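In the two complexes that follow, subunit A is the common piece, with subunit B as its partner first and subunit C second.
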Partner chain A sequence: MAEALPPVTVIIDGQEVRVPKGTLLIEAAKKAGVEIPVFCYHPKMKPVGACRMCLVDIQKMPRLQTACTTPVSEGMIVHTRNDRATAGQKAVLELMLANHPLDCPICDKGGECPLQDNTFKFGLGVSRFTEPKRKLAKAIPLSERIVLDRERCIMCYRCVRFQDEIAGDQALAAMDRAGTSQIGVLDGETFDSPFSGNTIDLCPVGALLSRQYRFRARPWDLQRTPSICAGCAVGCNVELHARDRALQRMVPRENMAINNEWLCDFGRFDTLPLGIERLREPAVDGQPTSWAEALESAAELLRSGPTEVIVSPSITNEALNAATTIARELKAGLGVWPATTGQVRRTIQDLVTSKTIILLGLDVWRALPVLALRVREALKAGGKLYFVGAGANGLWRDTSATFATVEELVQALTHDGALPQPISILGWGADALGDELAAEGMVGSPATAANGAAMTGLPKATFEAPVQLLVGNEDWPLRSSASARIQLRWSAAGDAADRPSIVLPLAHPYEQTGSLINLEGTVQQLHPGAAAPAAAHPDWLALAELAEALHISAAPDMETNAALA
Partner chain B sequence: MNVQDQEAAGSASPLSAAVEERIRAEVGRYPQRRTGLLPALKIAQEETHFLPPPVIARVADMVGVSHASANELVTFYSMLRTKPLGTTVVEVCAQLPCALRGADELLGLLAAALEIEPGDTTPNGAVTLLRSHECFGACNRAPMCVVNDEYRENLRGKALEAFLAEVETAAGLEGQTS
Partner chain C sequence: MLNGVGALLRGLWTTLKHSVRPAITVRYPEQKRTVSANFRGRHRLYRHDNGLERCIGCELCAGACPSQAILVEPAENDSEHPVSPGERYAKRYEINMIRCIFCGLCEEACPVDAIKLGPEYELSDYDRGSFVYTKEMLLDPEHYAPRRQVHADVDVPRPGYTDGGKGLSDLYGTYRPMSSSTPRAKRDEA
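Take a look at the complex of A and B:
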């Protein structure tokens, strides 16, 4: 973080505001409550002054200046709404619209489009152009997830800058130049980045759009629910967007302590229960039945034989609590599968401020994608990244050195004195190395599953008991030793050979309440952003009902949760 | 995956071992590898004459930048070619003074005579027609064009007619259009 510079006073549209010297005029205006229209400027990225939308009139300057690239200085007097400034803004918009198609009625961005909004608020209202607009390719599939509309693109470079500055993989670039310049990739290739979805949010026009969401809803028809991504242990803060209570898309919510403002493509697109066949009703031996009957049969089975309760590391804390109670009362084994538990000391914030980051064989880029972006923030602030091991490292571009073993790393890096603190170490064996280096940053082997951090201490499931209670949406391994399996899941059970004796339909994490603990130990609440299938129950409610069928009294916090439902 | 792994992954390189060695040596001269991208692409183009996507991808992998970034550079600089050139290259200046003196008309006449679009090459590979990105500094004799590094100026009236006939001959098209 930059040290606080001495404050200066500037006057913006008559408003006096005091900001640190060097603050960009656009940010100073925000503080003064003055809106300056922008397209290319984004507070998370370096300013480029490409779109010229933020032209303002600064006293004693001969020409209009871009507010996004001008640092304030003492006594600066700025007019954003006088005749000169508004004439400039109108001219920029008029030129931008000279070739931008007016297909807003069929454009996904319509209703949440900065170009639309700025045109209404700051534009001329009518166009003086009579010439035909440029015809360019529309709806070009850039990847399986994203389409590009070249006519709509205004070349603000936000997407290119995101892939360069934030993701660091430079997966998009500006091809050609001048009037024919356009966004693209190498011919014959696709826009492949685990963070590509963020460019959809960043695009200030309808040029980059989600193929999953395209033509499915209008922004003003969406119900928006804040929730938590259930994709991995980072616990990114999200907003669920549903139309008529059916989930349509997920977008990130800013939380500087966790995900900044980003979301990975896996979380954004692949964790949604879209295009996946749902389990819609309880069934016993393949026959659909009622919840009451299915619970009765399940209780009977569970009482009959040695039982193992097996939980997915992605179920909620409340469900885990109920499963633990059931296992204890039945004197059954309790295990987790797949085993992705882990714990870290300190927080993501400590990782972001680290000066040294060591990854012990952990490919953060793939396992916990948004955490990789947070690692990059630390590197941009002057931190150094080291990798140990022969495995894949998605952050290879940013890695200062790779070592075969921890000993080699310690030998190579500490012979000139201690590594700069705070040191963050992630991966297997992090604790030992953390102690050796007296690391002051985030240290540990983080969980990767959504609620993996809550499962710490649970043994790995054995799948050996004849009766198995499987809680959560996993591809459970086949086990012929089981005589009966009871599955609580939200997707239709796939494998016929593994047909469970009893299935109970669950709500998807985005359709229920409950809490998840992220890798650093922060407890976050899920909120239902869409309606679950009629017969599906939240994971914790299904288990509470099962406990009741087993005449096990539900724990006190179960009642609290029942009240929430 | 680091730079070296990426190099190993691309098994059948579109470049010769000698050219790859030159590129490696050139890139190694720069404190930041990506600075070597432009000279690396020039070295590659010496061998392949133009830069198709597999060549761009290979050079990008060797330098350690994304394929998109390398393509950005290639498409920005007009002297890095993305299409093969014909034996005769006709580059029409279309900058302001030439444009005012009928450069677009000249370009149109050449395109019609060669039956191709500016930027393309005749199907027999004889003539490539290009619209120049930069001024050739012969504004006083506009409109003009450059044929294989040789200036052709004041292309109007009789001079134009003779030039069109010459280009058609070069393309092996004489007698077909007139």
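Take a look at the complex of A and C:
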């Protein structure tokens, strides 16, 4: 919208810059290459001017102004580093530090803390306060995942605004007034938003911290590897942080086409292989053995009788290719479990720009959380959300109307004329309705598992063959006593030990390369962010070795490549 | 000619002069020089008077270390049985003495005066592994002294020094850079 306004010229620290009228001064300064310190301002959220850190001197204005709330106008001359402005910035920092405990050495934010950075860069260097600092409760667990330190909070409201504007569940609130104002949850509640982890990234001090990552490393200890979240089919772009090749945490990377810059708690905390017992060595009937021997036994077993190859919808494309080859050469059945497949037309970007979004029984809030945030972006831009079905709908706060059946929806909404385009329809039966409404947005039943979109067309596994090759880390259904199983997995769980079976240890998706296809069909690359257990192999390598033991060439064939492209 | 004789005599005079002065060489290792109070030798981790470790596991020493000789793995204190004051302590604290260049930046960086470089300098040992000093060794240097130094030509036993006892405590006896009665220490305790 701002692009449509005529451009104006402003001069910031002597730099002339042309930006659309109505642009915030802080964004104009960014364009001019001038850094203005901020705490509360965040480009993805509405400005509030709560922290006063971005004070600048604008000519012809009597007092310092906050750059984050001031729109530019023609001919504006701004000084960010003159005496008046720096005095204001120093005063704000001094007041902030009047009550901020200087416990940086035991604070997890230390080393990646905007308050530290701004104090070094824009602060006074010393404190003139001799009064005792405010004493408040430290390390209050807000939920299973988040811990709050009230002494450190500088009341920038970033977390409160995130939960209100971006997530929309208002899970956090600012309580009390003035000097006693605090961040918190309502009495008796916990901070149980599926997006609570984002507040850790947003917090400019060490007030909201991860309990999982608490006291595990310093920012300078971490090796950072860009990769892809293996939690669901959205395929959020992430950065894996490891210390000494051991995974410690995961943070989002911005990708406006996919996840904006958000990540859900499931992806952020639960997909990491932390606190999960790993499968460390191959075993035949519960007896640890070498890869060579285990592969030999597996090949023998696979050749012995009718076989079904069952893949998890979260294995990589390369592994799927090898599994397909093995199944074809063995003339075995190939199935996927759990069923998750689905295809959509068009992209997440088309969903974000939709004016009408219809969910056919699909609870995106729980199934594909970050996609729910993208749906909310569309709603904020004037879209309307309709839900069909009796099931749960995590986006109930934003739903304009809920209908029992598709017919009811069509009848009620098309009564006064056509629905505003583009229309996005997600859920079972979306294609038919999409054709009926001539939808121009994202239409289809999206896959939910990490690589589910690559499994489209694979039949559901039957688990009936006497020999079953199970690829991927799933809670496979209990088998009949007649069958023998070969499992490739990374966690030690599962019915590995007691009955005739072979288990082969895999690397976790965050410890291997490979590619995943997200729900809109984008192929993205996994990069190993940590070391796998010594005997664990990437899923595609394990299957290639198995193919070799079966004397099958697992080289990717053109047909499969074409199908995956 | 006469000039040459003069130079010869002057040289002899210098030699004679020094031959009657007291010797400044020390018969190391039988004799050891006392080191200065600022000497930067083997590291030592300190405790508070109440027995809690001063180290809070902040990793600033490891961050400051120019030779990456320090490894700190922090953990959260059990409030019932804290290892150090506050929320955080060092679960693992190791210094690789081969890497260390004894610059003292760890001491500079430490916000709680937990680590100091002591006066001890005989740190040789027989294998690389034993140069990695653990937290226990650093907290209790008298018990975990390096093994007895063997010198090929003067292999004389030095009782008291190597058997984890008196010698080293004598060495450390007067070396208490962090007096526990300083205002800083009192404030930390509070």
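By definition in this document, the second predicted complex is superposed on the first by the 543 of 565 C-alpha atoms of A that agree within 3 Å, B and C clash if a C-alpha of one lies under 4 Å from a C-alpha of the other, contacts with A are read in each partner's own complex, and residues count from 1 in each chain.
One rule holds for everything that comes next: contacts are C-beta pairs under 8 Å (C-beta built on N, C-alpha and C of every residue); 3 or more make two chains touch, one makes a residue touch a chain.
This is a predicted model, so every value here is computed, not measured.
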| item | value |
| --- | --- |
| Which of subunit B and subunit C A:Gln170 touches, first, second, both or neither | first |
| Touched partner set for A:Leu186, first subunit B, second subunit C, both or neither | first |
| Which of subunit B and subunit C A:Ala139 touches, first, second, both or neither | second |
| Touching partner for A:Met61 - first (subunit B), second (subunit C), both, neither | neither |
| Partner chain(s) touched by A:Ile106 [first = subunit B, second = subunit C, both, neither] | second |
| Touching partner for A:Val523 - first (subunit B), second (subunit C), both, neither | neither |
| Dominant contact partner of subunit A by residue count, subunit C or subunit B | B |
| Partner chain in contact with A:Phe215 - subunit B first, subunit C second, else both or neither | second |
| Subunit B/subunit C common contact set on subunit A | none |
| Complex contact set, residues of subunit B against subunit A | 1-3, 53, 56-57, 60, 64-72, 75-76, 133 |
| Touch list for subunit A against partner subunit C, complex | 103-106, 110-111, 138-139, 214-216, 218, 220-221 |
| Subunit A - residues contacting subunit B, complex | 169-177, 184-189, 392-393, 396-397, 399, 402 |
| In the complex, subunit C residues that touch subunit A | 56-60, 62-63, 74-76, 86-88, 111-112 |
